[in-house]
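Before any comments, here is the structure.
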């Protein structure tokens, strides 16, 4: 049960990362992955690689949410940070919840997931090199 | 995507701040705002300024919860901390959830919000100078 | 409203602690208590003391979840850390949520609780010496 002094940086990173996604800044969100970053969502959705493809997939999802009038909020929590292969990478396992609020309606819990990330340092912050999300149930 | 070394202090502050509110210590909660602190809740509720008015508004809400037999739990998460105008202030954007449990009943998700705070240093801790809460949906 | 520099270690500890429990590694989870650690759950469930008994109780609960086909996720949040009796112990008060997802189904909020822990240092990490959980409602 090792711990990592960069813990708070990872929390700050996830906050900014999800604020970008949930606010619809999908290009900004894609830029928080490495240029060749890969996102492996729960099946049957296929893996997506590269900032261009990540931005495109996120923009499509954002458009669907907007058409439905829904607000999505991604919460990462119970964040466990492990050293990566070198000083500039970390392995993270955390829980992820998605809360959805329809226009004029009450919020609901939409998904409970586990997220496994390989993050790499990018100056003062971090980028996602690889993400695998497993959906409960 | 700048980060701030005072990140953990802010998390500790929010924990104490919400424990005070949810436990019904409304005067203690109001004392975690600056003397002239302002809370701008989601419309149509009006803005409230000053510790006395904040304590009064919180006490009224606590009384209503007690009469209904409800327990409220405020969760802040996905906390993004940015430097403020000077070394003793920070700007925070975070998500906020409110969970409500009726006496003898099951908990439910009541609200999903975004909270934007201006916090100022107060010795070893922080105070809220200005808060704006936007409710999803 | 004192704050504690070991704050991030506690968050990392809780993440690992709950990942062990929720993944069914109940012996691993019990090992994150002290040898004589005590868990006082909400009534009417009785207090459990000692790693062997903790592992046994957790294994029984894990077996029940598995038979139902449910996934449980324990979230600690709004974590307030206070100094303990000496430099190697801390008192924590936090909120705890339990989300349950049935096989093939949608997740639901199962419980909202308050958790009060006495944690003691164990080398680079921490152990639970005493835990009391109060369930809302």
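Observations on the model:
A, B and C are the chain letters, set down in written order, and residue numbers restart from 1 in every chain.
To be clear about the criterion, a contact is a pair of C-beta atoms (placed from the backbone, for glycine too) under 8 Å apart; a residue touches a chain by one contact, two chains touch by 3 or more.
For clarity, every value in this text was computed on a predicted model and none was experimentally measured.
Look at the contact of subunit A with subunit B and you find different residues on each copy: under half of the numbers used there are shared.
Subunit C is reached from subunit A by a rotation of 120°, derived from superposing Cα atoms (nearest 5). Centre-to-centre separation between subunit A and subunit B, using Cα means, comes to 25 Å. The multi-chain contact residues of subunit C, meaning those touching 2 or more other chains, are 8, 77, 109. The part of subunit B that touches subunit C in the complex is made up of residues 8-9, 11-16, 18-19, 32, 71, 73-77, 99, 101-109, 124-125. Across the interface of their complex, subunit A is touched by residues 1-5, 7-8, 77-81, 93-95, 97, 109-112, 136-137 of subunit B.
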